Every structure is written in structure tokens, then in C-alpha cells.
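Note that chain A is present in both complexes that follow, paired respectively with chain B and with chain C.
Moving on, here comes the complex of A and B:
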């Protein structure tokens, strides 16, 4: 079976600025793919290119194996949901949802005002459209809102109508451009679940653009992390989080942010930070600049110095209910280190001014000077094969 | 804003506004007053606004019978309505293209539109007259409409308004399957009502009151627009019956004032109709 949406070598420039570079992406039937990245990384432009609202300079787009590169948005049979909802302000919710149906199911003369409805089979088509709108509205629980105009609705209600307008058409693909970012936090979490549920029920490939990594990890089957017009990594959420292919991916995904420690490599291939050996075998040449990344929850905190640990000065403890954060500084490091602890552990340690942190070897993520992940990282505490195996898993 | 001014300052401002309003409306009051007076009182010295002897019926009867007043008013309505409709029909797609579409030469076209704003009708009236004559259009209603169907002012005004419509709305319309043409009429036009009614006020006022072009192109009384009709009326009445003349003036001004008030209310309603943003 061919991919539902396939992009090959998409490139785009606005004037001198390169917006997208060599984008390849294949979404399987029914898959939910999140495009995530900081603002300005080109993710919205990419979505518009997929929708046919923007033309790519290079590359090809196929929908169910059919090349649609040159086709207008109207001929691509994809439905888009916008961040600003983009509801037609002069039409009621019902009319908003009817319009895309009218454009597809009625011919030009049947769409004429007043006389159109009496031409040919227009009447039965209109009745069917009305039924479809009612059905989509029932799915989204907006039946009571159908005769209101957008100005008379709350943000969440407008969002539902916008989803309804996309849903009612039964398109081949849903494209969503930060659909939740204008909602307040609690509604956002709620709508997340609803969109996932809608996607599951419709069984249609969904490409979802967001700058919120939590949204991307929580909703998508696969996450594509974009930076500076390129897809740095595309993988399932767990892999993206645990095995980031690039330093930028590691930094962008995860909250609180991953801890970064610059390492110098000595003659024995050990990674050293602040005069302390942190990584026993770094798989890098002597003198190379290597960055060690450790997630806050994998940073282990000790009261006493240990092998492969680094001394840090405690800045403060932050209690967040279910867990607690330790903010600390290591001598010679600009960025503070953050460790995620259980509240019990934090209570135990909170009177210490000085602590020691280390990272389990399988939790150490090493990146070279270009930010590329260095494979096969390990320490002497474990057999060499263990380190490799844990990364391959 | 008003609440922050001190009472004396407010009073002073109000007085100034009243004075200016009085100066502006005085000619209208005088026009109405004269239209109610008999011939003898019109030339009496002094500025009495209320006539001593009422001859309103007489003056207005003359105004509507000596010239085909109904016909003339109808001409005005047909001409002004046609002009406004054509102007919007032609200007809106152009304005949409200039505001929202990217194409080569857009800036040059826009510059030409703005340049077009600087060309007065008087500068091109001779070529227009020559063209109308060779097309045998002189002394028709068409000649009153045709030169004004393309308004660069409308293009410019609508462009500025359409630029404020969010791009997402247009992108949504495209992905909903609307053609560019359908976007203009189904999405832009309904949302551009405030601009359209503001423009309609300008356009109707200008063309209802226009004397220059009708005077050049029309010589038959039954094709006259209201101001030209007034001129014919004055010629027919030898120009000394000011009471009747003012009565005729009142008759042709009244529809315009009523239109203005109605359009103004629409205009304000349009301005408060928001809801584009989330």
C-alpha cells in the first residue's frame, strides 16, 4: 500500500531565505504525525505546501500514490484546521460547515443563490449535506451552536466548529496548524484527547503542526522534529525522547530541558568535565569537543562523592507536588543543572549546600561538535556490549 | 475620553461644535425657508427664516410640474445605483488581487492605481466626450454611467480594507474548494460591507451632485440628472422664481440626505461587526 502522504525532496525559499531544505516524509494510512519545532523552523510552511496553499520550489508530493504536486488546494481533498480557526465571520456554524460541501457536491449553477436549489438533483444533495452537517455536529457536540455566528461563540466552541468544517468533508487527510494554541491550558489538554479520538474514529492520516513538544509526544504516532527548515529526526515519541539523533532534538524535546555538560576527551578516551571524569569511554578522539546530555530524571543525586560524579552547589529546590526539581550549579559551567527527584528524596537532601551528581551510563547521551549523536557510548563500570545494547534497544 | 475633560472644557468644545454645525447647516435652513416663501418675501431685506405668508404648496407644485421631476429623480437613482454596483463589481476583484495575491508587477499596478487617483475627470473629459460621440452614446443614460464604472479610489479603499482580513480566512476558503472568484464574492464581499458602504456614500454623493459630466453629455431634459434638471428648471423659469427653485433644490437634496443617514447607520453597524479573530 502506498503512503497516504508522501513528500520527496521538498525545498522552498522566500527570496534569499531558505525556508525548507530537502524534506522527505512518508505518512502511512491512518497515521498521526506531529511536526514540531520552534517558531520559524518552517513547519507551517511545510503544512501549507502539503495543503497546496503554497507551492514548493523543489520536490514532489503524492497523496495515496497520486502525484498532486501541481494541483490546487481545492483539488487535493485535504482539510485544514487553522490556529486562528479561520471561520467565515458572516456565516453561521452550519453555513460554515456547509460551504466546503457545497463547493464539492454542487455544480456551479446549483450553487447560484435563490434559483440553484431547484436545479437538477440539488434538493436531495442539499438534504444530504444538511444531514452530514448534523452528524458531524453531533460528533463534536456542537449541535446547539449550529445557528450561531463565530462572534457569538467562545474560543473552544469556534475550535470545534473549525474541526467540524474539516471533518464534515471526509477528506483524505487532515492538516492541523497549531489548532490548540489559542485555547486556555485546561481546554487544551481536553481537546488534545478529543482530537486523538476523532483521528482514531475517522482513520484518516493527520499531520499536526505544533510548537508544543508535549502535545507532539502525547498525541502523535510519530513525531518529526524540525529545525531551520530540516527534519532532524522522525520517530515514535519514545525514541525521540530517549534516543535523540541530534543535540537540537535533545534540547527541544523534554521539559525541564536536558542538562548539557561540555566534555573534553583525554588520551584514554574518557570524557572529563570540571576536572572530573564523567564518562569512562566516550567513543571520541582526544581533544574533540563533546557534549554530554543527561535528562533531569536520569541525573542521579548523591550526598557523598561517587565514581564518575560531579560536585555541584545547590541553588534551590522546587517542589512541584508529584516530584521536585533540584537546581544546582557546577563550577565552570554557565548553565544550571536540573535534576528531577521524588519529593521524599528532595526533603532528605534539602539542607545540603553541596551535592554530587552522576548519570547512569545508559542514560548518557553524547553529541559531537556538530551536534550529531555519538553512538555506542559506555562507561567502564559496565561491559562494552551493555552500552551498545541499551542504545540499540 | 470625553469623561476626562473638565466641564468648562466640555462646554467650550460643545459650543464650538454647535457654532460650526450652525455655519454648515445654515445654507440648508435658508434653502428650506426660501422654498416656503412667496416671491415677494424672498427679496425682502432681512434674514427671516419663518415666512409671513406660506406659499410652500405653490413653490413645490411648480418644482414638480414644470420639469419632469419624477423622471429626473429616477434618472439620478438609476445612474448612481448603476455606478456604485459597477464600481464595486470591478474594483473588488482588483483590490483582492492587489491585497492578497502575489504576482509579478503587483507593485507597479498598485502604483498605477495610486497615480490614477491623481487624474481628475476634467483632464480626460474631452477624450471621453469624443469616445462617447463616436459610439453614439451622447444623450443616453449609459454615457452617464460608463466613464465612472472603474474607480481607482474604490480599488485603493478596498485594497486597504482587504489587507486587514486575515490570510488564514482566504487559505481556509481555498482548501474548502473555493475558487479565487468565489472567494471574492462569497467571502470578501460579505466581510467588506463596512468598506463598501463607506465607499457607496462617497460615490453616490459625488455622482448625485455631479453637474460637470451630465452638462457635457446630456442635452435632453428627460435624461437629466437632478443637478442638471435644476439647471433646466432655472432656464425654463427665467431664473427669478427663487421660491420654486429652492423647492426644486429641496426635492433633489432630500433623497440624498435620506440615503446618507441610512448608509451611515449601515456603515456603523458594519464597523461593529467583528469576529474575524479568535
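Moving on, here comes the complex of A and C:
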């Protein structure tokens, strides 16, 4: 079966500025793909190119094996949900959801006000359209809102109408451009689940742009991390988190941020930070500049010095309920280190002014001077089933 | 602005909690009432200067106008008589007044639709273009900033029956020349042409501002929804979103057209044979040439009432249909 959406070598410039570079992406039928990255990384532009609202300078786009590169948005049979919802403010929710159906199912004369409905088969088409709208509205639980205009609805209700407008014509693909970023936090978490459920029920490929890594990891089958116009890695959420292919991916994904320690490599191939050996086998040449990344929850805290541990001065403890964060500084390092602990552990350690941290060899992520992941330092804690469909771009 | 506020609570109280909850646990006791009275007094005190100024500058002149309109006052004649409503009944039978009223209506009827549609078309063209946008914007705006009286002399030359460039061009293509400002059938359309020329630039600028305010996502949404042609995008997005702008443009254009005076005063003086007599020109003649202050005031009152009625219709009926938020 061919990919539902396939991008090959997409490139785009706005004047002198290179926005997208060599983007390859293949979304399988029914897959939920999140494009995540900091603002300005090109993810929204990429989505608009997939939609056909912008034309790429290079590369090709195929839908179900059909090349649509030259086709305009109206001919691509995709639906899009916008960050601003982009509902027509002069139309009721019902009319908003009806419009994409009218544009596709009725011809120009049938769309004329008043007279149109008496022409040809318009009446039966109109009835069918009304039924489809009612059905989509029922799915989204907005049947009671159908006769309101957008101005009379809350943000969450408008969001649902926007989803309904995309859902109602059963497109080949859903494109969503940060659809939840205008909602408040609790509603956002709730809508995440609803969108995933809608996606599952519709069984149609969804490409979802977000700057929120939590959304991306929580909703998507696969996450594409974009930075500076490139896709740095496409993989399932667990792989993205545990096996980042690039230092930028490691930094962008994960909260609190991954701890970074600059290492120097000695003659024996050991990684040294602040005069202390932290990594026994770094897989790098002597003198090379290597960065060690350790997730806050894999940073191990000791009261006494251990082998492969680094002495740190405690800045403060932060209690967050289910867990606690230790903020500390190591001599000669600019960035503070953060360790995620159980509250019990934090209580035990909270009167120490000085602690020692280390990382298990399998939790150490090493990156070379260009930010590329150094092979041979794979984490081993991963169950085999999580490795599916992952590849670094 | 939410105009249909009450609708929310009637329909869906459990989905949308009412936004304006009464203050919780505020007993309306004597102390509270005292504070309210105090605040009311302060509010009146604070708005007093404005109220006095409004009374002096806006209400009193209008009241004086209405008072004068009910008399047969003439400048320089010491005695005047109270006519009451007869003053207005006289106007109804005054053929000059009725003619100038009708002429003004014709003029407004020509200028408003033409300059609104042309202004919109120009704005759409400039918006769609890529180069020279600032240039076209400035050029079409020139008539707005040009002094009408000065430009009238240019138009007088252009429309001159024997050596005016317009007639020379007509002759060049073999058409008969037209006595633009001297023929009683043509003079109103000719004046309207100048009025359109004046109003188009301003309307265009207003429409450009309106176009700039349209959320670009709406066009993207319309495209995704299947609006293929510029025509259907215009009717799906541009036209409804320009509703408030269009209402404003029409209002401004009507007001300005009803107030036409400079071109009439400089080019035709109401002629030939009063065929370009318009309201302001008639009022001016009555009041300042024949010094019939009473009659002029009555005409002015009718003028204001008609204008107010037009505005009221526009704001009350149409505004509800064009403001969506």
C-alpha cells in the first residue's frame, strides 16, 4: 500500500531566507504524525505546502500514490484546522460546516441564494448535506450550538465547530495547525484525547503541527522534530525521547530539559568533566569535544562520592507533588544541573549542601561537536516493541 | 461586542455559565445605598463640564435653528411673525425647494453606488497587485486632498463646450459634443461625475483598510473548503468581512453627497434654469442672498432630519447584519 501522504525533497525559500530544506516524510494510512519544533522552524510552512496553500520550490508531494505537487489546495481533498479556527463569522455553526459540502457537491448555480435550491437535484443534495452536518455535530457534541454564530461561542466550542467543518466532508487527510494553542490548559488536555479519538474513528492520516512537545509525544504515532527548516528525526515518541538522534532533539524534547555536560576525551577514551571521569567508554577520539546528555530522571544523586560521579553544590529543591527537582551547580559549568527525584529521596537529601551525581552508562547520551549522536552508547533499557518504524532523517 | 447576549443563557445554561454573576454576598444595606448615592453624585459632577459644553455648542444652536425655522424672520427686518408648522407646509408647496430636494436625491443616487463600487474595485485591484501599490494608492487619493474649488476650475476647462478636452476627444472619435454644464439634462450627471471622481479615492482607502483587516486564514480556509475561483472567494470571505467597512463607506459617501455645494457654487450656480439646484445651494441662496433666515432655517431643519433618518436606517437596520463579533 502506498503512503497516504508522501513528501520527497521539499525545499522552500522566502526571498533569501531558506525556510525548508530537503524534507522527506512518508505517512502511512491512518497514521497520526506530529510536526514539532520551536517557532520559526518551518513546520507551519510545511503544513501549508502539504495543504497546497503554498507551493514548494523543490520536491514532490503524493497523496495515496497520486502526485499532487501542482494541484491547488481546493483540489487536494484535505481538510485543515487552523490555530485561529478561521470560522466564517457571518455564518452559523451549521452554515460553517455546510460550506465545504456546498462548495464540493453543488455547482455554481445551485449555490446561488434562494433560486439555487430549486434547480435540478439541489433539494436532495441539500437534505443529504444537512444530514451529514447533523451527524458530524453529534459526533462532536455540538448539536445544540448549530444555530449560533462564532461570536456567540466560547473558544472550546469554536474549536469543535472548526473540527466539525474539517470532519464533515470525510477528507483524505486532516491537517491541523496548532489547533489547541488558543485553549486554556485543562481544556487543551481534554481536547487532546478527543482529537486522538476522532482520528482513530475517522481512520484518516492526520498531520498535526504543534510547538508543544507534550502534545506531540502524547498524541502522535510518530513525531517529526523540526529545526531550522529540517526534520532532525522522525520516530515514535518513546524513541524520540530515549534515543534522540541529535543534540537539538534531546534539548527540545523533555521537560525539565536534559542536562548537558561538556566532556573532554582522554587517551584511554574516557569522558572527563571537571577533572572527574564520568563516562568509561566514550567511543570518541582523544581531544574531541563531546557533549554528555543525561535526562533529569536518569541522573543519580548520591550523598557520598562514587565512581563516575561529579560533585555538585545544591542550589535548591523544588517539590512538585508527585516528584521533586534538585537544582545544583557543578564547578566550572555554566548551566545548572537538574535531577528528578522522588519526594522521599528529596526529603532525605534536602539538608545536604553538597551532593554527587552520576549517570548509568546506558542512560548516557553522547553527542559529537556537530550535535550528532555518537553510536555505541545506546540505551539498553528499551523494550524491543518500541523500536518500530524509527529512523533518523 | 456581543449584541445577542441574552440568547446564551436561554439556550445553553449548562454549557456556558452566565458571565455576569451578581456580586457574591453583597447585602444591599443602608451603607451600600449611601455609597451608591455618593458615587452617582460624583459621576454627575464629573460629566457636568462636558454636559454644559454639549448644551452650549450642540443643543442650543440646533434649538435656535428650529426656533427660527418656525418664523418668517428676515435679516434686517425688525419684526417677525410666528408661523408654526405653516413654515414647513410652505416648503411642501415651494417648487424651488422640491426641485432642489429632488436634484440632491438624484445626485446622491448617482454618486453613492458608483463611487462605492469603483472604490471597492480599485481597492481589490491594488490589494491584488504586487508592484506600485503605494503609487496607485496616492494617485487615486489625490482628488480627496485637492481643494474642490481649485479643482472645479480644472473641470470647468475639461468640460468646456467648445475647447474642453473631453469634447475634443468626443469629436476625435466622431461623437457629437456635449454641453456638459450648460444643458439642463446633462448638468446633474456631469456634477455627479465630479462627485464620483472626488469620492472614489477616499472610499478606496477605506476599503483598503478593511481588506487589510481580514484574517488571511479565512482565505486559506475557503480554499481548503473548495472555493476555487476568485469570485467564490470574494463572496465567501471578502464581501461578508467587508460588511462593516461597506456600511461605513456608504454612510460617509451619502453624507458627503448630500452636502454637495462647492462644485455647484463654482461651476453652475444652480443653473441652467435651476436644473442643478441642490439643497445646500438653495439654503445658501435663501439665507445669505435673499436673507430669508426663517425659510432657510426650515430648509436646514428638513436637511438635517433627512440626513439623520438616513443614518438611523443604516445604523439600526444594517449594522446588526454586518457586525459579527
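As a working rule, the second predicted complex is superposed on the first by the 377 of 393 C-alpha atoms of A that agree within 3 Å, B and C clash if a C-alpha of one lies under 4 Å from a C-alpha of the other, contacts with A are read in each partner's own complex, and residues count from 1 in each chain.
Operating definition for what follows: a contact is a pair of C-beta atoms (placed from the backbone, for glycine too) under 8 Å apart; a residue touches a chain by one contact, two chains touch by 3 or more.
What you see is a predicted model; the values in this text were computed from it and never measured.
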(Q) After the overlay on chain A, what do you see for chain B versus chain C, clash or fit? (A) clash
Q: Tell me which partner A:84 touches in the superposition: chain B (first), chain C (second), both or neither.
A: both
Q: Report for A:155: first if it touches chain B alone, second if chain C alone, otherwise both or neither.
A: first
Q.
Let me test your reading of the model: by the given contact rule, A:51 touches which partner, first (chain B), second (chain C), both or neither?
A. both
(Q) If we overlay the two complexes on their shared chain A, which of chain B and chain C does A:12 touch? Say first, second, both or neither. (A) neither
Q: Classify the contacts of A:144 with the two partner chains as first (chain B alone), second (chain C alone), both, or neither.
A: second
(Q) Quick one: is A:188 in contact with chain B, with chain C, with both, or with neither? Answer first, second, both or neither. (A) neither
Q. In the superposed arrangement, does A:99 touch chain B (first), chain C (second), both or neither?
A. both
Q. Taking the contacts chain A makes with chain B in one complex and with chain C in the other, which residues are shared?
A. 48, 51-53, 72-74, 78-80, 82-84, 86-90, 99-100, 103-104, 149-152, 165
Q. What part of chain A is in contact with chain B in the complex they form?
A. 48, 51-53, 72-74, 76, 78-80, 82-90, 99-100, 103-104, 149-152, 155, 158, 165, 169, 175, 182
Q: Could you please specify the touching residues of chain A with respect to chain C in the complex?
A: 48, 51-53, 72-75, 78-80, 82-84, 86-90, 99-100, 103-104, 108, 111, 144-145, 148-152, 154, 157, 165
Q) Which of the residues in chain C end up touching chain A in this complex? A) 2, 4, 7-8, 11-12, 15-16, 215, 217-218, 220-221, 223-228, 232, 236-237, 240-241, 243, 324-325
**Q.** Sites on chain B touched by chain A in the complex
**A.** 166, 168-169, 171-179, 182, 186-187, 190-191, 273-278
